[in-house]
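Each of the next two complexes has chain A plus one other chain: chain B in the first, chain C in the second.
The block that comes next holds the complex of A and B.
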């Protein structure tokens, strides 16, 4: 395996990893901003492989295309964030599942499984045998939203 | 004086312009003045027609037209012109009666060189027995052989327009060429004059009659449109144009019968007229198709090709077309004429057409449109002359219709329907005259057409005047003694009635006698006795008595009687009609009184009509040797005497039955008639309507219902089935569209993966 091909392989692997991470992120997250970032990541993965091929083939077309992609991605980011902001102002939430008006007319609406209101029960501190003064442990904040 | 080429297009153009003007401006602008465009246009058109008549009369009298007849063609526009539209091979043609034009064919060897026999010869080789065999052998070679010069002209012309090398021996080229071509010849000129004259008077009459009608402008617009169509019909110079305006007058008739379309009877009558006419028009259309396949042209005149009734074709003594094809053409044309002219068995629409306004009944359903069939027969007479069977059919249809109309008219109680049946009867007389197939017959039929237009329009308009005064009541049992309040109507009706029964010296006398003479001539002089014509003659001669009865019965019941009986519908305004209505009555009465005498004594009409190419053909090549003038005259005068006696007897009989207090006699006579069933037969109009209902309408309705069921269940069902398939498919795929973005993304990725998997495998 020539060094060029080895180098290409490395780049392609990184690009594929970037793409795969973006894909997984896009599919698994419901926060619109995160989904948008994941989509950008997929784009960057593709861009990377394009640059790698371009360099390998000594053809600058691919790099040119990547510059275009970056420019378009910038525009896209502006628009997407604008949309996300508007949607957030409407519902007060960033959850993409709130927006399912495009489904077929007689299909049941997606209903989120209710988030079980986990009351943070105070973990019993580890108790040790009284052997001195009890340590001062700060209370742990648990009111974050686990599914966001 | 303007030229014919300027006058002729003007005659239909003016009514068309008036129709459009009235239709556009009538509803908003003209309103109660809507009659002006129509009346002015028709008056101008009438003037133009009379000028045309004079002009044609002057030019047709010239010596060069004496033999072949006079015609002048004005081509306005070439509608379609396709060279080599149709090519046919000589060998494929029907052996009988087709005109085949081929190049370089040798003259026939049968020695019948027509040019060598003098024109006026009484012996006619066409009917000569000795030539029958040679004719049979000659027929497959075509009717026109090279010895006829014009025929070669056409051949060269047809071949000139083909590229070299494609010439095929024995093939004919047919140019499909349809022109808007108008013709001026004596027949057309006479028809135009009658149509425009009567329609002008009727339009003036309508000003009074239709006064205050909500559809005033619509009425005059339709009337103008009708006159346009009718003038185009009689001046058209090819069969297609004739057919187009044949339909157009049918349309106008439909519109005007159903003029008061909110009345169900009027709407139904319009529909009935239209549908019954469809049958006739269907036959006419088939006849035209057959003419096209036989002759390869539809023109009457010679243009690029030899016209069907063109002078070149008529110049030959051969029948225009003979054999089975010729008879078929003639019978189909006769069917068309029967529909339009309300002849048996298609006469049932005309009595119902009386639902329309009375001026319409007078103009369209008495004087002009219904005579279109007679005109068409006169125009196509050279085709009929070749087929004795077709001539017999025309005569039998005419005679039968004359009798049917007369029998039914006797017992009807609706004044307008009585007149409608009398129209049917008189049209039957005209058909009978045409069925004679002689110059005498054609001119007699046209003569009767002219006089009939006057006296029948007069009678209808007088009936309309009565109806106007009686508040729309037209049942003759409900009024009587009207001569005291409607003197003008009474006198004009009397003159019209006398003209219709054919009392000397009124118009109908001369024209009816001319018809009887034409029929009598068919069996009085020949060696063989033609039973058909003889039977028809005596039947129609007896019909004269019936004419007298059915004319004077309504006359006496309406205008005479001890007391003046007025129905309550008339209210207080039972009075003589206004001047716009009585004026046309008086003018028509003058025509009905003196026109026949004038035309008969000058002999101008028959002589003038004989200058039409179609009629001149009959004159040059008569079916049988013509009797001498003296024998004809003696026959004529004896017929005149007999018919006068018959008419007088009929009138006296009617007066005896109905006049004064003796009216009970009529009732007494009706008793045994009713027991015999004769009265019911006549009163029930010979039960044509129920019979048609049972044997035509009902089966058709059942068939239509079956078709509707098939359409709704089977055809619509299969279409609906196809429509259901996508619906089912959609229902199956619908759960996929849940609205969740992630699900869509997943579907895309799965799709890509499947695609990649397939690629890799």
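The block that comes next holds the complex of A and C.
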């Protein structure tokens, strides 16, 4: 195999892997934002293959297609994020399963199975025995988020 | 065992099981096993790739491809969507490097500027606005993780077998062989030093109408996104007004 053919072969395989991983992510994840990241990943896989073909055929056509893919991806991201923010304002969650009312008419309703709470693996901090009079502390209003 | 097809099939199955174990399933059990299995599958698959001619090309391509694929797997496997977005940024950097390595300099820069600079930051903005505190339950479970991992990896395996088969299959004499481009021809066309000038000539010469259409599409998407978001806001306002009237 000549080096140019080997390069094309390797690029196409990396592109296929990116597309496949994006496919898995889009099908299995439930967070809407992660689903859109996976869709973008599929676009990246296709772009990679197109650039490799562009080099192999010695033609700018493949790179042109990738430029238009980037433009369409920008449009898609704008619309998708508008939709995600609107859906989030309605349900308060990024879960795609909240919208299972949009399913096909003959499909059964989605029932979320309960999962166990996340158990912390950290050692509990040492505590002191309570002593003395309890001080009067005004309640602190926490309107910040402790974590994201 | 030296039949490449058997190795490819085994790699695919190994990768499917590894990815299934890595995907969020509600438990932490088996995650490290999944990471090991996926890494083994990745290594076995990489060992089947043809040699690129010299060690420098081979090692640069290897590093870029490994960064791209590993961070792509991490993007879909992490539970926290912020980490997913950051790993996706690394995937974008890897693909940009691969673009640069294939001679598409403008596309490499455009990928970083448009994707990593704009789209990814917007994603992170929405995450910061929308993500409730802590890890949500829906981030810790998947739809049918095993089924989608097997389906995706079978897709990858079939595609790679087809790709490898095209380049290694014995050809009939009358078929035109796939001719690799000569270095001199490449240097005059795709790998020309004045890359952006050549690309711009092509884009605004041959594809001028497509550029105009893409501009119209971008405008339509902009207006559409504004309308979608504004409509949600309007409905909220109307509901609030109706409630105030009732009170």
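Quick notes on this structure:
Keep this in mind: the second predicted complex is superposed on the first by the 111 of 148 C-alpha atoms of A that agree within 3 Å, B and C clash if a C-alpha of one lies under 4 Å from a C-alpha of the other, contacts with A are read in each partner's own complex, and residues count from 1 in each chain.
Rule of thumb we're sticking to: a contact is a pair of C-beta atoms (placed from the backbone, for glycine too) under 8 Å apart; a residue touches a chain by one contact, two chains touch by 3 or more.
Quantities reported herein were computed from a predicted structural model and do not represent experimental measurements.
Once the complexes are laid over each other on chain A, chain B and chain C both fit without any clash. In the superposition on chain A, A:13 makes contact with chain C only, while chain B stays out of contact range. Legend: residue contacts after superposition of the two complexes on their common chain; A:104 is shown touching chain B, with no touch to chain C. By the document's definition of touching, of the two partners only chain C reaches A:79; chain B does not.
Counting residues of chain A touched by each partner, chain B versus chain C, the larger count belongs to C. Closest C-alpha contact of chain B with chain C, superposed model: 7 Å.
Overlap of the chain B and chain C interfaces on chain A comprises residues 23, 27, 30, 96-97. Chain B contributes residues 734-735, 737-742, 745-746, 749 to its touches with chain A in the complex.
Considering their complex, residues 19, 23-24, 26-27, 45, 49-54, 57, 61, 65, 68-69, 72-73, 75-76, 81-82, 84-85, 88, 91-92, 95, 98-99, 102-104, 106-107, 110-111, 114-115, 118-119, 122-123, 126-145, 148-149, 151-153, 155-156, 159-160, 163-164, 167-168, 178, 180-181, 185-186, 189-191, 198-199, 202-203, 206-207, 210, 214, 217-218, 220-222, 224-226, 228-229, 231-232, 236 of chain C touch chain A. Those residues of chain A that touch chain C in the complex are listed here as 1-14, 16-25, 27-31, 33-34, 36-38, 40-41, 44, 47-48, 51-52, 54-60, 63-64, 66-68, 70-79, 81-86, 88-90, 92-97, 112-113, 115-116, 118, 145-148. On chain A, the positions that touch chain B within their shared complex are 23, 26-27, 30, 35, 96-97, 99-104, 106-107, 109-110.
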